[in-house]
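Structures incoming, each one as C-alpha cells.
The following pair of complexes shares a single chain, chain A, combined with chain B in the former and chain C in the latter.
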Partner chain A sequence: MGTGPPASRIAQKAKKKPPFPFFAPVYSLLAGWTGLAFWLLLLLLLALYPYTGVSSVALFVGSQIFVLVTLASNWNLIGGMTGYVDFGHAVFFGIGAYIMGILVTGTPLLISPEWGFWQALPASGFAAALFALLVGLPTLRLKGPYFSIAMLGTLVAMREIARVLRPITGGGVGLNLPPLLNRLGDYYLMLAVMGLVVSLIWWIQRSEFGQSLIAIREDEIGAEMRGINTTLHKITAFMIAAFFTGIVGGFWAWQNTYIDPDVVFVEARTVEMVMMSMLGGLGTVWGPPLGAVVIYFLQDLLWGNLSGVHLLPLGLLLVVIVLFMPEGILGTLGDRSSTSLGRLLSRVGRSR
Partner chain B sequence: MTSDPRPLLEGRTVSKFFGGLAAVNNVDFAVYPGEIVGLIGPNGSGKTTLFDCLSRLQKIDGGQVFFKGRDVTGARPYQVARMGLTRTFQSVRVYRKMTVLRNMLISHQWRDTSLWRMLRPSPASTAHRARQLLEFLQIEHLADEEAGRLSGGQRRLLEIGMALMPDPDILLLDEATSGVNPTLIETIKDRIRTLNAQGKTFLLIEHNINFIADLCSRVYVLNYGEKLAEGAPLEILQNEAVIDAYFGA
Partner chain C sequence: MDQLLQALVSGLLLGGFYSVMVLGFSVIWGVMGVINLAHGEFLMIGAYMAWGLFRFFGMDPFASLVLILPLMFLIGYLLQIVLINRVVERPHLMTLLVTFGLSIAIANLFKIQFTSDPRNVAVAYNGSVQLAGVTFPIVKTIIFGVALFIMVCLHLFLQRTRLGKSIRAAAQNKTAARIVGVDINRVYAITAGICIALTAAAGAMLSPTQAIFPFMGPPFTLKAVTITALGGLGRIPGALMGGMVLGVTEIFVSTYVPGIGTNLGVATSFILLVLILVVRPQGLMGGLRPIDAEAE
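Let's turn to the complex of A and B:
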C-alpha cells in the first residue's frame, strides 16, 4: 500500500485539455438534466412558433427539419452509440413509407376498408422494427465494414423487391396516396416525434442500457465476457432505431402523397443520416440534431446558389469532417485535443 | 490450500482445432475452489486458446467444460460470466472512450438485472463498490480519466478491477504481469493473495516463473496443445520434459 504508483505521473501528463473557454459553460450545461431542460424549453418554443402567424412554407420547412433531426438521432443510436455503421438505414424509411402507402391506398392488396393515417402510422414503425429483427439477427453478427456492406445490400435488395412486387407495391409506377394537406398538423406531429426520439436518446444514453451499447462499441468481446448479452442489446438498439425511422418513413409518404422504389429506398438518405450525425458529433445526444439543422440549411443554401453541382460541396464537407474533426462539432469543442481541427484552433488561440 | 473434492472449473478432454492444427488437444483440466492454479508453457502452446475454451469465447471441437458442476460446453460467454467466471485478456480489453469509473460501473454483475434497472443510470451502490475496488487496486485517482489514456500497467489493473466488479468465484488472468513494472507486479501479487484469502479462486497464465512459483499451489504445463505435466511449482520446474520444452533439448 505504501508504495505510491509511480505511473500516476504519466496520467497527469495525459490529462485531458479543458474545452474552449467560451464553450466550457455551454458544454457542461448540455450534460445531464440541464441539457434535457433546454431541450424541453426549445420544444415549447417550437410549439408556440406557429402562433406567430408564419406561412405554411415555414411550417413545411419546420417539419422537414424535424424529420432530419429524428433520422439523425435514430441513426446515431445504432451507428454512433453502438458502433454499427449502418449504410442501409434508409431501408427502414422505405419500409415505413411502403407500409403506409399500401395500407392507406388499400387497392393493391384489396384491403378494404383502407386504413386511416393514424392506424397506418404505428404499423409503419412496427413493420420496420420487425424487419430490423429479421435482418439484424444475421447482419449484426458481422463486424465493421462487413455489417455496413450487408446493410447497403439489404437496401438495394429491398428496392428491387419493391419494384418487382407490382401487385402489392405498384412496382416502378409507385403508389399515389390521398392528397390531404395539413401543414399545421404535420408540423406538430413531427415536432412530437422528434421531441420523443431525442428525449429517448437522452434517456438511453445515461442508462445502463445505453452505457452497455457504448461498451459494445468500444470492445464487444470484452462486453460479452463481462456479462452483457451483446446480441440482445444490439438487436434492441437496432429495432428502436428502425421503429422511429419507419414512423418517419410513413409520415414522409403521407406528406409527399407519392412513393416509388427510387424515392424511398435511396442511398443518399443514408449518407445524409451519416453526415448529420458525424458533423454534429457521433455518439453524443445533442450532436446529431445540431448536425441535422446545419446540414439542412447548408443544403438549402447550396441548392439555391449552386444547383447542378450542389452535391459537390457536401461531399467535400464529408471528407473534411472525417479528416479534421471526426468527433464532430460537439466533440471538437468539448475536447480540443481529440481532433486535429481542435488542436489547430487551440494553437491559433495560443499564438494570439 | 484446502481442496474441495468437486472442481469449480473443469475441462474434460477439451480439444480445439484451427484447420489441421490442434491448438488444444485432449486436455483434462480442473481447478478446485480456493486454489491458485498456474498455466504455463512456451509461446504457441495453447494456453490462451484453452482459456478461451474455458471461458466459452471459443467453441470447442471436442470434450466438455463444467463450471460449478454444470455443463457449460454450449453456453455463451455472458452466461458463464453471470455464473461467476470472469477473465482478463492478454491484449487488454477496456472501453477506451469511457472513463475508468464508467468502465467499472458497466462491468457490474448482470445476473438478475431487471429491465427497470437497465433503463436507469447505475445506482449509487454500484458506484460505491467501483470506487472501493479502484482504491484497492490503487488507481482511484484515475477514476475520471478516459481509459484509453492510461498506461499499459494501469490498464491491466483496471481490467482486473472490471473482472472483480461482479464479485466472481473464479478469475482467469491472462498474463496479468506482462508490460507491468516490478513495483506494480508486487501490488498485483499482493492483491491476488488478499483476494484468495477472501475465497476467490484464480487461474493464471504467466511467463513470469517467479510470479507463478510464489503464488500457485498447482501448475499445469502445456506444450503443442497437450498437457505436458501437472503438479506443485517446484516439482514442475525440475521436471525434465518441462525443461526440454522451455529450453530445448
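Let's turn to the complex of A and C:
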C-alpha cells in the first residue's frame, strides 16, 4: 500500500511505443470527420447490398452482424468511454426482449388488442431505459469492481425474477411470438439502428457530453471538481446504452420468435459484448464494430458447426485477449496513448 | 412461534453452508485482492465430482471429500501458477475479466461433457429428525457440523502454523512480507489451492441437497460477494456471521412472503448487496478495501 510503482516499471512505461508505427496515419484518418465519411459510405454500400440479388441467408447473416455491432457499441459507451465496466448489460437486452414478447403476444396480461411490432419496438427501448434509471441510481454510485459485480447481480436476479413471475413472463416455459419472416425488413431495420448507434457514439465522443464521460473515466472526483454533474452524465450514458440494447433485445425476440429466461438473461451475451469491445479497442469509436465483425466471422469459421459449444472458446478467448492484447486491435495497431484501456486499467487498479 | 423457530433453525443451517461456501472466495479476495468470479464454477466442479464418485463408485459425498480436497488443491495450485499469478499484480479489472472468462469457459466445458440435465445424489439418509417440535434435515445438519469443523481448522491453520502466518503476512503487506523472505508466488498458489479445495468441498457437501447442473454457479458467486460484503474480507468469524445473516434472511423471505418460494434467494441477496455497498461502501463490518483509496 502506498509504495508506488517500482522504478523499473516506470521506465518500461516511458519506453512503450506503438509496435506498428506504419499504421498510425490510418488510425488518425479514422479519428475525425473522415471516419464518419467512411462510415456513411459503408452504410450506403450495405444499403445497396440486397439489390445485388443475394439469398435470404446472407440477409440474415447481415442482420446478425448488425445486432452484434450495435450491442458492442452500446456496451462501449458505458464500459469503455465512461469506464463503468458493466457485467450485466444483457439485462437490458432481456428486458427489451420480454417487453416485446409480452406486448406482442398479449396473452399474459390480457392486453387486447395485441400491439404491433412497430409500437412494441420503441416500448422495449423505453422500458430498458427506465430500468436503467432505476438500477443505475444505486449501482452507478459504486466504484470499479463493485459496480461490475452489482450489475452481474442484477442480471442473475432478473433471470430468477423472470422465472418466478409466471403469470406475466410465462416462467421457464417462455413466450412464443408470432412467426413472421421478413428477412429484408430485418436487414434494413438493423442497418438503420446500427448506423444510428455508431454515428451517435461518434458524435458523443466529439461532443462536450462525451468529453465529460471521458473525464469521469479518467478521474471522477476531478471531474466533479471541474463542475461536471457526474451523476447526470453517468445516468444519461447508461440510459442511452440501455435504450438501444433494449431495442436490439426487442428485435431479437421478434426475429427469434421464442424467448425464455435462460435465452435472454445470459452472462454469455455480456461476455460477447465485453469481448467484442475489448478485441476492437475499448473506448474507441470504431474498435467495437471492428471487434464485433471479427468475432462473428471467427465464430462462423472456427466453431460455427458446433452450436452451443462456441461459448467455451469464447470464454478462453476473453482470457487470452486480456492477457496478451488488452488494448485491442486499434490500440495495438495505432497510437497507444489515444486508446483508453491502459489508463482505464491503471485508474481502476491498485497501488503497488 | 413454531414457524418462527423452524425458520430460524433452517436459516441457521443454511447459513452454516453459506459460511463454508464463502471461505474460499473471501480468503482469495482478502489475501491477493482477486475477486474470483469463477467461484461458483469451482463449487459446481466439486458437486460434479461428488456426483461422479457417488454414481460410479457408490461413494458417500462426505467421504469423497478425502479425494476431492487434495485433487482440487492441486488444480487450484496449478491454476494460480499458470494463470492468476500473471494478472494478480495488475489492476482489479483485469483479474475480474480473466475470472469472468474462466467461469464461462468452465460452465460450458461441463455443459459439453455432462449436458445440462440436472443430476442428483440420492443418499440413503436423506430424511429428517424431529427435535422439540423443530425439523432438522439430516444432511443439512451434517453440513452444518462439517462447516464448523472446517472453519475451526482453517482458523487454527491461519493463526498457528508458519505457512498460515506467511499467508496473513502476504495479505497485510505484500512488500514487507517479501522483504522478510516470504515467497509470495508460492504463498499465493498455496492459498488458491486451499481456497479452491474448500469451495469444491462445499459443492460436494451441497450435492445431496440440490440438483447439479453446469450453470448452477453464478448465484453462488453472487451470494459469496454478498456475504463478504456483510462479514468482511478473509475473516472467518465474519464469514460465519455473514453466512448466518444471509441464510436466515433468505429463509425468512421465503417463509413469510407468500407465493414466491425459495427461488428469489438470489434477488434477496442482490438487494442486500446493493444496499450494503451503497450505504456502507466499506462493508458492514468495515472489511472491504475502499476502491477510491487504491486508485492512485
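As a convention for this text, the second predicted complex is superposed on the first by the 303 of 352 C-alpha atoms of A that agree within 3 Å, B and C clash if a C-alpha of one lies under 4 Å from a C-alpha of the other, contacts with A are read in each partner's own complex, and residues count from 1 in each chain.
Quick note on the criterion: a contact is a pair of C-beta atoms (placed from the backbone, for glycine too) under 8 Å apart; a residue touches a chain by one contact, two chains touch by 3 or more.
Predicted model, so just to flag it, every value in this text is computed and none were measured.
In the superposed pair of complexes, A:V173 makes contact with neither chain B nor chain C. When both complexes are overlaid on chain A, the residue A:L323 reaches chain C alone and has no touch with chain B. Looking at the superposed arrangement, the partner reaching more residues of chain A, out of chain B and chain C, is C. When the two structures are aligned on the shared chain, A:A157 is found in touch with chain C, with no touch to chain B.
After overlaying the two complexes on the shared chain, residue contacts for A:L41 are found with neither chain B nor chain C. By the touch criterion defined above, A:L312 reaches chain C but does not reach chain B. When the two complexes are superposed on chain A, the residues of chain A that touch both chain B and chain C are 1, 3, 221.
Residues 1, 3-8, 10-11, 14-16, 203, 206-209, 211-212, 214-215, 217-219, 221-230 of chain A are the ones touching chain B in the complex.
Residue ranges of chain B in contact with chain A, taken from their complex: 55, 57, 76-78, 81-82, 86-87, 89, 93-98, 102, 105-107, 109-111, 113, 117-122, 138-139, 141-142, 145-146, 149-151, 153-154, 162-163, 165-166, 181, 183-184, 186-187.
Within the complex formed with chain C, the residues of chain A that make contact are 1, 3, 85, 87, 138-139, 141-146, 148-150, 152-154, 156-157, 160-161, 163-164, 221, 262, 267-268, 271, 274, 278, 308-309, 311-312, 314-319, 322-323, 326, 344-352.
The residues of chain C lying in touch with chain A in their complex are 33, 35, 37, 83, 86-87, 89-94, 96-98, 100-109, 111-112, 173, 175, 215, 218-219, 221-222, 225, 260-261, 263-267, 269-271, 273-274, 277-278, 281, 291-292, 294-296.
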